[in-house]
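Pasting the structures in now, so scroll down.
Both complexes below contain chain A, partnered by chain B and then by chain C.
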Partner chain A sequence: MKRLLYRLKTAPYFTGLILFLTILALNVVIQTPARFFSAANINSLVAKNLPLILITMSQGLLMMSGVIDFSVGVQVSLSNVIAIMIPQSLGLPIWVGWLCAVAGCVAVSAFNGFITTYLRIPVLLSCYSMVFVVKGLNVLIMPKPQGSVPPVIYKTYDSVLLGFLPFSALILAAVLLFWLYLKRTAFAKALYATGGNLRHAYSSGINTSAVRMKVYLIAGVINGIAGLCMTAMTASGDPNAGEVYGLKTVAACILGGISMSGGWGTLSCALYGALLLILTQNGVSNLFNFLSRAIPGFSVTNYWQNFASDLIILLALILTVFTNKAMMGSIKKQADYLALGGKRNEA
Partner chain B sequence: MKHKNFAGSLQRFVQGHVVFMAFLMALAVFCVNIILNPRSLNRNAFGSILALTSLLALSGAGQTMVVITGSGIDLSAGSIMSLTAILSVQLMNGANQHIGLCIVISVALGALLGLCNGIGVTKIKLPSMIITYAMSNVITRLQFIVTEGKPTGSAAPALSAALSYRVLGLFPAILFYCVVLSVLLFVLLRHMKYGKRLYLLGDSHSVAHYTGIANDRMVLLTYVLAGILYGVAGLIGAGYFAYVTCGMLDVYTMRSIVAVVIGGAVLTGGKGTYFGTIAGALFMVVLSNCLAVLSVRDCVQNIIMGLVIIGVLTLYNRDKSVRQ
Partner chain C sequence: MFEMRSIVKHFGSVKALNGACLSVKPGEIRALLGSNGSGKSTIVKIMGGIVRANAGELLMDGVPIRIESAADSRSFGFAVAYQELSLLPQMSVIDNIMLGHEYTRRGGLLDEKRRRESVRGLLERLEIKCSPDALVQNISPSEQSMVEVAKALSREPKFLLLDEVTASLHHDEVESLFRVLREEKAKGVSILIVTHRMNEIYQVCDSATIFRNGATAAEGPMSRFPLNEVIYHMTGTRVKEEAAAAPRSTAKGQDALLRVEHLTMKPKVSDISLHVDKGEIVGIGGLEGQGQAEYMKAIFGDLTPDAGEMWFEGRQLRLKDTSQAVKRGISYISGDRTKESVFSLRTIEENLTAGDAALGGVWSWVSAKKIRKMAGDAVERYQIKIGAITDSASSLSGGNQQKLAIARGIAVGPKLLLLNDPTKGVDINSRNEIHKILRDSSAEGMGVLLVSSDTEELLGICSRIYVFYEGRVVAELSGDQRTEENIVRAMIGGAPEGREEAGT
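Here is the complex of A and B:
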């Protein structure tokens, strides 16, 4: 038991898990367990927010390797508009459009990776300029929100398999499985080393630029898939929908416990961070609904809901500091213990 | 080989004279603009370029100081400006009697929000980008709550007149506020203890610490000063545009960061001057003006803007190679 607790406390996702469980408990209390855990509710929560979860994961990968990309948000929109416009205006089959959508995101990510790793432009600025470029591309491809997808696609996306398993959760599971595979390869070690300290990684023989390029490419694929999920979810195209996600994903990763300076974290951190954002939004809107039903004459505008959820996120960010401190404390204790000749995991 | 030497010396020259280069690029873009469209060379266009540059430079003042500390960037600049702009416009409501009160409120509010940012960065030790982003979200939501989505009122006529008055029909009055501020900042950053400490702090936090500088207090003070400058810039923006909407000045966050960086500041800190920021602001405004005059579509403007920023940064703001 003690060992389990220790392992939990030193895992990178400790911060994210604690915050996530807190907000989950609050959500369950507000919505009552029966309603919250109903298949329809879970399905709508996952299906509606899958794009955000996926791009948070790609952001998490990038942050682990020591870079940041705000343009993940607009890349989702890029994938969305390409997937809609290629079948609509060129008359090609849908799968061609969807492949092109993913290819487009990979191309943008690759260009972004090139200018940050090989041209060595400071990463914050390069991704900010890329936001401009991709935003312009989106509107160039699709001037205003339009388009549609065949019903079979969005019906499949919204369906619940076997009565409890949302289809969208399968996509999420696929990405997580990919990470589980990746984590066991040498590439993951190189990724963490590059994120942790670029020069040390370089001098130990890792081609750091190539590692970062690969991470950008993987992130591009995930962003493309997120855009396709967005297309299936909204069943139409919107060139400007994704921009707000850009900075949100960075906040989500920090909430989940991924270090901004790189080299620390796993994809489950990103998952918890994204779920935390989603459940906060969900919980706050449910709470206000509940209050307006319970207290006659209580009515607030949407603005108050947004304010409350953003305030909670700010507080959660401050809370991460304390959980981080607890985690670092136990890691240090373990290190001291090992230095004295003790055995692993018995501190 | 000779060619390579030439390129090398050119690069060295560019990196050594960043502020000069930024002015030069702004001039080049302006000339291209005039050649392509001679009608754009008139008093009105020239005056509005100067006015918009001044506004951007004013909003970049606080950002410059934050970047010099090397603690990161401040993403709450635009939202603090918007908030003070909205509050002061609502309070002034087209009459002159509350101008003094508005100035006090803008300064106090800016200082308070800057203090929150500073505490988040120094005491709670979150990355400045994250804490200021979360703050800016909360501030933007506050704007919507205060105004219920639709700000009312307009700026005091005296304030608007004091800002948009054209001296000799050419130089907007807002330019003089910018000049005054730049002189003040120059003295503060170059000739006062605070400025010298700030640059040392940006160069190396540990060296500054061992020199006996209270790092946290310096960074906190810088965020408060920056907040005050954003607050004043918001008030000036409100006076210049006369009418405001929620989140109208939010775009100034990113614009100010780019202006600061084009002006030669480095995001790791310790480098950068306010004159550089002014030059960067001029370049940004001239470029967007040029694109607007050529009646390029908005989306193509965005693409060109992004690519030009990448190009400029490639010229002189590259990170060190890992091999060095």
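Here is the complex of A and C:
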């Protein structure tokens, strides 16, 4: 039991998990347990935010391997506009459009990966310019919001299976399962090593460029899927909808406990980080709703709500940085203590 | 048999290797010797595939080969333990050792059981005490070095290259390492050892190659190279055998420079008192991690003790931070250069003069000309091998980086010099030079407190030696009690022979 607790405390997602549980509890209090845990509420929370959760995960993968990509947000829109426009303007079947959507994101990610890993362009530079390139591309493909998808798709996406299981949660589970598999392969170790120290990983015989490239490709696929979820959710196309997500994913990853400098974290960090972000927003808007109902004449704009939730996130970020520092210290102390104890036992 | 012929490598204007030759036969342990910056690490890196030679030939059993990448090097059977280590601090010991050659099962999944078993076996064989699941950042520097060796060994190499791995190892760790090396040698593995600890090479090596300025100066069986021969080939000049004067205290007694009483810092240091007189070199011995580093840092004001008092020059010493210590005339040099002593991205010049800058206020004026002159003098005095004085410190060889730190510490002319394993990875010649400088400065009244893992170094220059064990002083040796035997016995917790000494 003590060992288990120690394992949990030293896990990278520890602070993320605690923060997430705290904000979850607050949400439950604000909304009352019955309403918060109702199938409809859970479904709408997951379904509405799945794109953000997914791209936070791809950002997490990238950050663990020591790179970062702000263009994950615009990639979601790219996937979205391709998925709508190919069937609409070329008259091709929908599945062709959807495949092309994912392929488009993979191509963008691959290109990004190529210029950062093989041409050695600094990561921030390349991904920042990629944001503008892809944004331009999106508007070229679809100048203004439009389009629709067959009802069966968005109805399925919004459905609740067996009375409690949101369909969208299945997609999330699939990605998590994929990570569970990946985590147990040699590739994961190579990924952490590459993120931790490129030179050391290389001198251990790891083809670091190939590892980075593969991470970019996986991220591209996930971004594509996130775009498809967005399409199913909104049932239309919007060339600019995904942009705001780009920076949020980085904040979410850090909140979850993934290190900015790479080599530390797991995908559960990304998950907790994203959920934290989502629940904060959700909680704040519910709180304001409650206030405006409770206090006659009280009303605030969306901007105030955003301001409040962003402020909370800023506080959480600061807290994360501090607790991580303190935690590393306490882990070290604990390790020292164990080491000393070991020596005494022998003597 | 593997051979390298007339290898040339330059980094910008610096010629690291200039026609060096090297060969290793199966089943032999060869020493690669040379002063700091003579190109030893560079040639090892070429074999490891992380540096590419500008010219030269590599022959494997007479057939020319090319090593273009670390993966190539591995496929030819090379495994390297690097001087600056190639470990990932955030990963566990198992992950580090198995990195790059994982055991997998069906479907690409890792074979956890086999990984764990093989790592357990290796750790046991090398007598490494740390847990396989510990993160590398949480284990001690000497354990890290051993893990680096384990990592190389786990690849079951035909050619095992060890670049100064013993520099941070202690007596018994070196013993178990050498036992393993002899076993490997019996299996027909070729082993190349780079080291500056001369007694080690006579223990295990069959033959030696000696580098001077990036070229091979001599090569042959160990029997041809007694110590003075080795030094001759390393430096190119014959030095007169200078009978090393037995260290004797120039202290006038009662004149204590530093007096520490009952210093306690849980859990590493419990109740240690000691004193350093003016003009005295006092040594602290002991296995690694017995509280020496913490003790030194407490004196320097880097750590705050739980209890205890310190007097410096008769006045009580209460330090809030290290800059106050520097102002009172205390200087600290650490052997852990990557973490504590070298600003690796800054220039050599800035590294040398940073200590001096700390003497003034943060905004005080520093003249560029004066700095250049100071830095130039230091480079000459300590024989630091550099390209240009404005190169970054990371371009220097390991030993030369260490000399930077020492030069900086002494340059400020402190009254008390705290040294924590300062000559780690410094070649024998420069080490003698540094010892001489220490003796000279102490004759002028500077007090020196020296922590060293090298017993010879302690015996060579210290007039009094305290031995630490589990955060306590188990022996205070002076006069003719200072023998290797007494130190080693005290290091493992035993009391010295003869008169009972200041104990618990």
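Here, the second predicted complex is superposed on the first by the 330 of 347 C-alpha atoms of A that agree within 3 Å, B and C clash if a C-alpha of one lies under 4 Å from a C-alpha of the other, contacts with A are read in each partner's own complex, and residues count from 1 in each chain.
In this text, a contact is a pair of C-beta atoms (placed from the backbone, for glycine too) under 8 Å apart; a residue touches a chain by one contact, two chains touch by 3 or more.
Quick caveat, the model's predicted, so the values are computed rather than measured.
Once the two complexes are laid over each other on the shared chain, residue contacts for A:114 go to neither chain B nor chain C. When both complexes are overlaid on chain A, the residue A:184 reaches chain C alone and has no touch with chain B.
When the two complexes are overlaid, the chain among chain B and chain C that reaches more residues of chain A is B. Of the two partner chains, chain B is the only one that A:128 touches; chain C does not reach it.
In the superposition on chain A, contact is made by A:139 with chain B only, not with chain C.
Of the two partner chains placed around the shared chain by superposition, neither chain B nor chain C is touched by A:6. Of the two partner chains placed around the shared chain by superposition, chain C is the only one that A:206 touches, whereas chain B remains out of contact.
Note: residues 199, 202 of chain A belong to the chain B contact set and to the chain C contact set alike, using the contact criterion stated above. Against chain A, the residues of chain B that register as touching in their complex are 73, 75, 120, 124-127, 129-131, 133-135, 137-138, 141-142, 144-145, 148-149, 254, 257-258, 261, 266-267, 297-307, 309-310, 313-314, 317-323.
Chain C makes touch with chain A in their complex at residues 48-50, 70-71, 73-74, 80, 82, 85-91, 95, 98-102, 104, 108-110, 129-131, 134-135, 137-140, 151, 267-268, 470, 493.
Those residues of chain A that touch chain C in the complex are listed here as 181, 184-187, 189-190, 192-193, 196-197, 199-207, 259, 263-264, 331-332, 335-340, 342-343, 347. Looking at the complex, you find that chain A touches chain B at residues 115, 119-122, 124-126, 128-133, 135-140, 143, 198-199, 202, 208, 247, 250-251, 254, 260, 301, 303-304, 306-307, 310-311, 313-314, 317-318, 320-321.
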